[in-house]
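Both complexes below contain chain A, partnered by chain B and then by chain C.
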Partner chain A sequence: MDKYFSVFKISLAQEFVYKLNFIMWRLRNIIQILVFFFLWNSIDPTYFGYTQSSIMSYVFLLILIRSIVLSTKSTDVSGFVSSGDLSNYLLKPVGFFKYLLSRDIPTKIINITFSLFEISVLYLILKPNLFIQTDLFQILLFILSLIIAGFIYFSIIMLSNSAPFWVPDIGWGVQFLVTIIFVEFLSGAFFPLDVFPKPLFEFLKLTPFPYLIFVPIQTYLGGVSTVETFKNIIIGGLWAIILWIVMNKVWKKGLKVYEAVGR
Partner chain B sequence: MDKVIVVDHLSKNFFVNEGNRSIKQAISSIFSKPQQKVVKAVKNLSFTIQKGELVGFIGPNGAGKTTTMKMLSGLLYPTSGFISVLDFDPFLKTPEYLKQISLVMGQKNQLWWDLPVIKSFEFSKAIYEINDKDYKKNLDELVSLLGVSGLLYTQVRKLSLGQRMKMELIASLIYKPKVLFLDEPTIGLDLVAQQNLRDFIYEYNKKNEATILLTSHNMSDLSDLCRRVIMINEGELMFDGALDDITHKFAQDKVIKITLSEEIDTKSIVDIGVIKKYAFPYCYITVPRSTVAFAAAELLQKYPIIDLNIEELPVEDVIRTIFSAKKV
Partner chain C sequence: MKLSVGKNNINKSILNFYARAWLLMAKNSMLSWLNKKESVIIFVFGKVVRYFFYFSFLYFLVTKTNGILGFSANQALFFTATYALVDTISQFLFRSVYTFKQLVITGDFDLVLLKPINPLFRSIAGGPDLMDLITIPPIILVAIYFGSLLDPSLLGVIYYMALILNALLVSMSIHIFVVSLGVITFTVDHLIMIFRDFSSMGRFPIDIYKQPLKGFLTFIIPVGLMFSIPSKALMGIVSPAGMVFSILAGLTFFTLSLKFWQFALKRYTSASS
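Now for the complex of A and B:
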């Protein structure tokens, strides 16, 4: 365990080197949130079955959940694979996935800290009417849904990171498609997914993407029946397991064709 | 466990995309599968290395040395054949295995670019689970050997190439691996550091009974350190034995070194052998191995010679000849 704690420590130290970079990244997050906020401020959310209060809660939760689920350093792995830098990590006596996850924890902590700060500032400026969940059981389910989301996202990212094993020149292309189009668009990071027509929404819920953002927020807001909430947790959990297994298999296959280029 | 490294009928093929030679080809490659070529980097290679041996691994660029090293360390999956190092299958990369080996490559980058160097070493201490005492001892030893004690708190990115190479070496050796794969370790080092490193490798090998496989294009590395060399070319084993035996096996010529009492007309020597160098009073002539005695007798008879020596060709020359002949 000490090993991984040292990964945590050194990554945290590394995190503070690029301060300006980090601030830019947070700024990008805030702008995304502001777009979301002004969009929903200008239309009537009741048309989509939301109240003004619940949609504002959605916005504020989005800030927090993005930092918990979507902040990761693992997107650089595809570059390591095509450049051959991966070799340095493979030769260390640490589990590579555990290494990546330990490296993500400081990233997530810093992002969460900043997002809480941003939420407070935005709250003071916008003075929205927020919904506070008080049911402890619902909060526990919310935390569980976040853990599931974290694992789903890690597996998705690692799957896209595996592409350069076979097509070294593909690099950021796959990542862009996966992280921007699929993850952002279909996860609920741009709008609540239940604004889609019901059949489409039901179909989307069979894919892993809504379990990244939309489902955790919905679980917090508690707008759906307990049965529905459990169903979400189970399907999300199944996706987390399936994707983890598939990702492991793909990664292992990738390592067999890995060419360790660069020297 | 005497045999530390066992390599048996090892082969590795790579698939290489043929590069696009023209824009037209580049465009059409977007739509069609690129032309692939199989490159046989290592072909049917077999050798074993005993515990505590220090073996030189030589061959021209592209011979398959680094590919073999990468398979030995577990980075590459062999196309066929068998490898065992310390009774482990390297490709499985178990932590127990990785803690006992080190792959040192000229352009490896395992230091944390943005942080002071010492942080990287402390990180190694944690992941290799080195105890405080050994860590301090190893670090002090390596740091003084490479003369970098003043740089431990410098950010890695601020180091010069040579300084960084030294730090990479420290990071690769600080956990005292039992098996070392050194891929051109002296590249980029200044002369003092090269010699220090050679001495260190020699000592390290002796003291820890470490098994070392070393590639280098630097003949001093080989002649100072390695009694045994394995020579490969185009992925195939060419020679495995004592460094000096390379000459016996491959050199068809010997060199006759004569010292003259007066200047001669060198043209007439052509019948006897090839003049490698003539700088009065010395003259070096290479002659075929089979006729060396006859040639020496003839030289003594015809020319005013004070001294005559028959020697083997320098091993560098032999190796160079082998590799350039093979290249055609």
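Now for the complex of A and C:
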């Protein structure tokens, strides 16, 4: 356990080495949120079943949930695979996934801390009317949906990281497609998914992406029935389990064909 | 008379030289991409899917709300089409800015300075992204389609095309500012991405933003000049004075960027070489 705590401490220290990088990354998040905020401020959200306060809460929750779910360092693993640097980690007496999780936790902690600061500042500047959830049960379900989202995202990232085992040059391309295109657009990070017509929206809910951002926010806002909330949690949980199993199998198969090219 | 003919010939040969240099760099860029065929397919597919998502979201949004802030659904879609057009052409032309940091931190920029070619030209236009050649034609068609739904006048179309060229000039100026800052601070990567994030605010009419952000997007990073004003010109809501002001602002921005490049170049230390 000590060795993972050391990884945790080193990763935490590393976050403060590249301060400018980190500040720029946070600034980019804020810019994206501002677009979202001003867009929904200039249209009537009731067309889509939202009140002004619930859509503004959606915007502010996005900052926090992106920090909890989407902040990760594990995107560099595909580079380790294609460059052969993965061998360094495989030779060490550490579980690779535990090592990655130990690196991700400080990243998430710092991102969450900054996101809370940003939410406070933006709240003071923009003065939106926000919805505050007071139902403890709904808050517990929200936390559960976030844990599920974290596992789904980690599995998705690791699955895309596995591609270079078979095609070494493809790593960045797959990451671009999965994290920048599919996750950003289909998770609800760019817009609430219920903007889409109902059949398309229902179809999207069969994929794992909405369970990353959209479902946790819906769970917090409590805009759907309890049955629907439980259904969302169960489907999200099933996706987390399925993706975790598939990711483990793909990773193990990948290790069998791994040739440490470049080493 | 003789002297001016001679000058014209020199200008022509310089243009020819740079055109050939650009084609050569484009060819090299294409060859390096062709070595990674799988990645090219994924990137092109990703870019197409991204625009498909943009337009689908906006389509469902504005058709249900009948537009944004007084702009009709078709006008709102046209704003996004114009953004996509300028953004994609800029990425196609100025892609080498994304690799500029590496030149500076390794000291390889010395080699660029030693070559008999303008280092600024090499730094911003030295590696066009030929994948965008696949996505530019459909984006032009989308812009023409949504533009035609607005029943523009001939003058509106001429204004639009002139302002798109002006937008590309402004985009080039911003890329020059970014590489200049890169010479001084080595932080090109994030700066260019932050510029792209700000410019993505131009997906929607700039009127949706409130002050002081709107002022920032008008005067500091002229997103309005690049994306909103050309679209408005086609819609017939930019006066001739507004048109002249926009072009003068574009030229001023360009001049300032060149001056800043000269300033930055004098501070290049060649530290890593």
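We take it that the second predicted complex is superposed on the first by the 263 of 263 C-alpha atoms of A that agree within 3 Å, B and C clash if a C-alpha of one lies under 4 Å from a C-alpha of the other, contacts with A are read in each partner's own complex, and residues count from 1 in each chain.
Throughout what follows, contacts are C-beta pairs under 8 Å (C-beta built on N, C-alpha and C of every residue); 3 or more make two chains touch, one makes a residue touch a chain.
What you are looking at is a predicted structure, and each value in this text was computed from that prediction instead of being measured.
In the superposition on chain A, no contact is made by A:Leu206 with either chain B or chain C. Applying the stated contact rule after C-alpha superposition, one finds that A:Leu39 touches chain C and leaves chain B untouched.
Counting the residues of chain A touched by each of chain B and chain C gives the higher count for C. When the two complexes are overlaid on their common chain A, residue A:Trp172 makes contact with chain C while staying clear of chain B.
When the shared chain is aligned, no partner comes close enough to touch A:Val227: not chain B, not chain C.
Overlap of the chain B and chain C contact sets on chain A: empty, with no shared residue. Chain C contributes residues 35-36, 38-39, 42-43, 45-46, 49-50, 53, 56-57, 60-61, 64-65, 68-69, 187, 190-191, 193-194, 197-198, 200-201, 203-204, 208-210, 213 to its touches with chain A in the complex.
Partner chain A is touched in their complex by these residues of chain B: 14, 66, 70, 73-77, 93, 95-96, 98-99, 103, 105-110, 112, 114-115, 119, 122-123, 126-129, 183.
Chain A contributes residues 2-3, 5-7, 10, 13-14, 17-18, 85, 87-88, 90-95, 255-260, 262-263 to its touches with chain B in the complex.
Interface residues of chain A facing chain C in the complex, by the touch rule stated above, are 20-21, 24-25, 27-28, 31-32, 34-35, 38-39, 41-44, 47-48, 167, 169-170, 172-174, 176-177, 180-182, 185-186, 190-191, 195-197.
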